[in-house]
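Each structure below is given as structure tokens.
Common to both upcoming complexes is subunit A, partnered first by subunit B, then by subunit C.
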Partner chain A sequence: MRIFKLLTGPQTLGRGPLFWSGFLLVMIVLALAPQYLSRYEIILFSNFFISGFLALSLCLLWGYCGILSLGQAAFFGIGGYAYGIVALNLLNLHENTMLAILAGIVVPALFAAFIGAIMFFARLKGVYIAILTLVVSLLFQTFLLQTADPSYTIGAAYLGGFNGLRPASPDDPLLPSLILGFGSATIELDGRSYEFFYFVLGLLCLVYLGLRCLVNSSYGYLLVGCREDSDRTETFGYDVRLIQLSVFCLSAALAGLAGLLYTAWGTYVHPKVFDVAPNILVVIWVAVGGRKDLTAALIGAIVVEWVSLRLASEGEISLFVLGAILVAVMLFAPEGLVIKLASLASSLRPKRDRAAATRVES
Partner chain B sequence: MQTPSPEVAKAAEPVIEVRDLVKVYGGVKAINGLNLKVDAGELVSIIGPNGAGKSTFFKLLMGIEAPTSGKVYFHGKDITRLPCFRRARLGLGIKFQNMHVYQELSVFQNLFIPLRRNHKPDKIPGRVKVLLPQLHLEGTEEESVHRLSHGQQQWLAIGMSIALEPEVLLLDEPAAGMSAEETRATAEILKRLNRQGVTIGVIEHDMMFIRLLNARTTVLHYGQLFAEGSFEEIEQNENVHRIYLGKI
Partner chain C sequence: METATTLFAFFYQFVDNAGYLILAAVGLTIIFGMMGVINMAHGELMMIGAYTTAFSYHAGVPAPIAILLAGVAAGLVGIVLERLIIQHFYRQLLSSLVVTWGISLMLSQGFLLAFGPSILNVPTPFGSLAVGEQTFGVYRLVLAGVSLAMVAGVWALFAYTRVGTDARATMENPKMAEALGINTARVYALTFGLGSALGGIAGGMFALTATISPFFGVNYTPLAFITVVVGGGANVVTGLISSVASLAGVQTIFNNAVSVYIGYVAMFGAALLILLLLPSGISDYLERRKMRSVSRTG
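Right after this comes the complex of A and B.
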């Protein structure tokens, strides 16, 4: 009962049976996707879901706590590299990537704790945080781009400069997909397989529902309090710096999870993931969908990714159209398209049902 | 002469005391060597012309800004270097000059955040039900704050500070922009709180409100203590009249 209250709390869109029926329907349609989509499309959808984790990470940080990070891809990249480096070193020893998965989540969170402690305890706000996080991402890219020299190896992992992470010697294992389990009981989820698709879909669903519970808990209220008026929240006895730091680390862990899944999906990670474009793209996904709601940000990421892919076949026009979409959304639905549509739909319903949508949209 | 009992002595101990407090903004002394004591359970009105340093004084008390020099004491303990949230945990509450309510949240959610500090989530709806009638906000629980009137938002802002159950409540212009009726109701809220034992400091420009409070009144001018006394004494003080007309 308490879980149900948290899932349908006022900090998230979708409280009624209509929303949850729709949610169930979408899950069934996605679960049946291998029946009607080609293998190639399934592989692409796995990647879209990975983008979904990244969008949720920024939504939590920016939408709920009001901290705009322009360097979310940095944590994605750190997660990807951490996974790759640990997997390359431990694969022969453990024959699974469980520790690598853990590293892909924990390392970005620890790095965020370091950067975040500096930023939040120095009381940095707004644009300064946005710039600092972007600079951190670009510094990583600059560093990794000049690691082509063979001396840049960490055990069995060679950083590889522009070409990306690879084994240090021909005897070392290749960068692996996800290998779950322990001892002899392991299962390998190849990025191109249906199993990987289902694993990522299931995990995304769990993380989404978990985050819904989180933002509707007391902690979620505090996040929103910090977003709305951090000075006021501090006068109630809350150490705003710790709240900001904790959500920054949590968001980095989620971005790291996306990064490690990306590395496992393509068995490849390269310095381009730290570039300006991937960083800005996350902001576009979340802004287009609606930053103040998890569902909206998630839909935004998947739809924008799908649209960009469709447009990609048309050449350079893809980026132009994406830019035009962002400008149009900012002009006509600054709160985000999904939130705008939800509020339009709620205006057709009786007043009582409108409460949740109104809170998110305003 | 009788020696006061320990209880009386304790009750008379200043709950808040500032010594030689100075705050300089870009060469301007907003607070200029202020010394002031507030006893436990007192209601103190603080008045003064614009720029007298009233709001700055509250910010220094609450730890929102650090003084250039001087000390702030709470129950005799030096809290000058304590950050704002630690002072709040000690028992200091504030309502800022600007409203500072969470505009995008409902009335219930606005009260949830301060109440959560001292109460478990399942106890909060009950606490909100007790608070709302005291604040003349019955029936607004689910209302979005931006739909409330200005006066209701002021009451909510006061209510959020009360929800923290502070020992000392600092209110910067609680009656600003209120109608005469709302001003009277606000004064009643504060007097009732004070009777319940909360020490209250109020900054206000509205003299009708200060008259309604009818409390010890402190006049600040150029960041210094200019005059002090009962409201009647201050009302009849020629010098106070002059500073308000800009003659001193």
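Right after this comes the complex of A and C.
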């Protein structure tokens, strides 16, 4: 019962039986996707789900705690590189990538703890934090682009500059897919397989539900408290800086998870993941969907990814249109399209529900 | 003779780095320092200036006039953007940041669609200067000189002209300014346009040294922003000069001692350090010191 209360608390949209039956329906439709989608589309959807993790990470940070990071892709990239480097080095010893997965989550979180501690304890203004995170991402890109020299190797991993991470010598194994399990009981999840699709879908579902519980817990209320009025939260005796730092690390860990899944999905990671475009894409997903709600941000990510894929077949207008969509949404529906639609839908329903639905938006 | 050359090389590099930072930041100083709007599309306005310069130059317009045309083009684009979009985002810092980032994406991708990824070049004028064994491009020194002239011009404009006084009044207290008969909407549009025009001129001047592509502006925006933030808003001119002097100094030293990349990293490190010690920028600290010494002697 308590879990259900956390899942449907006031910090998240979607509480009635209508929402949960819809959720179940979407899950069934997605679970049956291999029946009616081509192999190619399944591979693409696996990638969309990976974007979903990244969108959730920014939604938690920006939507709930009010800290805008323009460099969310930096943690994505660090996670991807950490996974690749550890996996390349340990694959011969362990025959699984469990430690690499751990590294892909922990390394970005530790890095976030380092720069976050500096930024939050200095009480830098929100806009400075936004720009500094972007600068960090661009510095990583600049650094990795100039690592084409063969001396840039970490054990069996060669950073490879513009061409991306690769094994140091041709005899070493290539960047591995996810290999779960221990000892001889392992399963390899090739990024192009149905198993990978189901694994990522299941994991995304778990993370989504877990985050719903988190933001409706007392910690979630603290996050919103920091967003709405940090001075007041401080007067109540909470250390705002610690709350901000903790959510920054958590968000970095989630972005790192997305990054390691991306590396394992394509068995490839390259410096372009730190570029301006991926960073701005994350912001577009979350702003267009609706930053103040997990469901909205998640839908935003998957729909925008799908739209940009459609546009990509029309030529190179994709990013231009996405920029235009972002500007239009900021002008006409600053709270996000999904949240706007949800509040429109709830205004058609009886008054009792309406009060509950609008509480999140205010 | 050897040491003299090395010293001059060091000085030259410092002047080059400093001029680069001032030019990149001077337009943004007005837009962020005075209006409090973060314009993530500043680099793209510079890109528009660079394209205007290159196209007019290749159409036979002399370089100095081509650069002025760049300012006009970027300024007009800035005014249109302000009227259409940015005026709705005053006093919403994070939203203004996101919306201008969207604009920057539209501009760079729009230019990519219109003109393709091809790279334009404009030859660098003035030739070079020989000091000892080495030669140095004269244009870089001209660039730094022009950047200082631009700062002086901006300062004079805001300190001594009617338009400048109106602008300062509007930024200080828009309601009061409106009550005194100042058309604040016009002031906002003109101030934004001026900042954009300065960005366009800077882009035009860089066009003579760099290759021009739709992504010309991407790297300038964060750099310009950091320069402005480190300087602070208390006094735009001293802020800009002190910030550029310290950042370019650190960059030049580390650039020489280690590598170009470490030079950049050190500059951002220095910026972070200054912000930790002086969260509202160097000029704010200088102004407060001045106030304190005035109150002590008085």
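Just so we're on the same page, the second predicted complex is superposed on the first by the 360 of 362 C-alpha atoms of A that agree within 3 Å, B and C clash if a C-alpha of one lies under 4 Å from a C-alpha of the other, contacts with A are read in each partner's own complex, and residues count from 1 in each chain.
One rule holds for everything that comes next: contacts are C-beta pairs under 8 Å (C-beta built on N, C-alpha and C of every residue); 3 or more make two chains touch, one makes a residue touch a chain.
Only a predicted model underlies this, so the values are computations on that prediction, with no experimental measurement involved.
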* Touched partner set for A:Glu234, first subunit B, second subunit C, both or neither -> first
* Examine A:Leu322 and indicate which partner it touches, taking first as subunit B and second as subunit C; both and neither are also allowed. => second
* subunit B versus subunit C, judged by how many residues of subunit A each one touches -> C
* State whether A:Gly181 touches subunit B only (first), subunit C only (second), both chains, or neither. => neither
* Touch check for A:Arg123: first (subunit B), second (subunit C), both, or neither? -> second
* For A:Gln146, is the partner it touches subunit B (first), subunit C (second), both, or none of the two (neither)? -> second
* Of the two partner chains, subunit B (first) and subunit C (second), which one does A:Pro10 touch, if any: first, second, both, or neither? -> first
* Asked: Just subunit B (first), just subunit C (second), both, or neither: which does A:Gly202 touch?
  -> neither
* Asked: So, A:Ser218: does it touch subunit B (first), subunit C (second), both, or neither?
  -> first
* To do: Would you tell me the residues on subunit A in contact with subunit B in one complex that are also in contact with subunit C in the other?
  => none
* Structure fact -> In their shared complex, subunit B is touched by residues of subunit A numbered 10, 218, 221-222, 224-225, 228-229, 231-240, 355, 358-359, 362
* Asked: Within the complex, which stretch of subunit A touches subunit C?
  -> 66, 68, 70, 118, 122-128, 130-132, 134-135, 138-139, 142-143, 146, 276-277, 280, 283-284, 287, 316-317, 319-320, 322-324, 326-327, 330-331, 334
* Structure fact -> The subunit B residues in contact with subunit A across the complex are 62, 64, 83-86, 88-89, 93-94, 96, 100-106, 109, 112-114, 116-117, 121, 142, 144, 146, 160-161, 164
* **Touch list for subunit C against partner subunit A, complex** => 38, 85, 88-89, 93-95, 97-99, 101-106, 109-110, 112-113, 218-219, 222, 225-226, 229, 261, 264-265, 268, 272, 275-276, 279
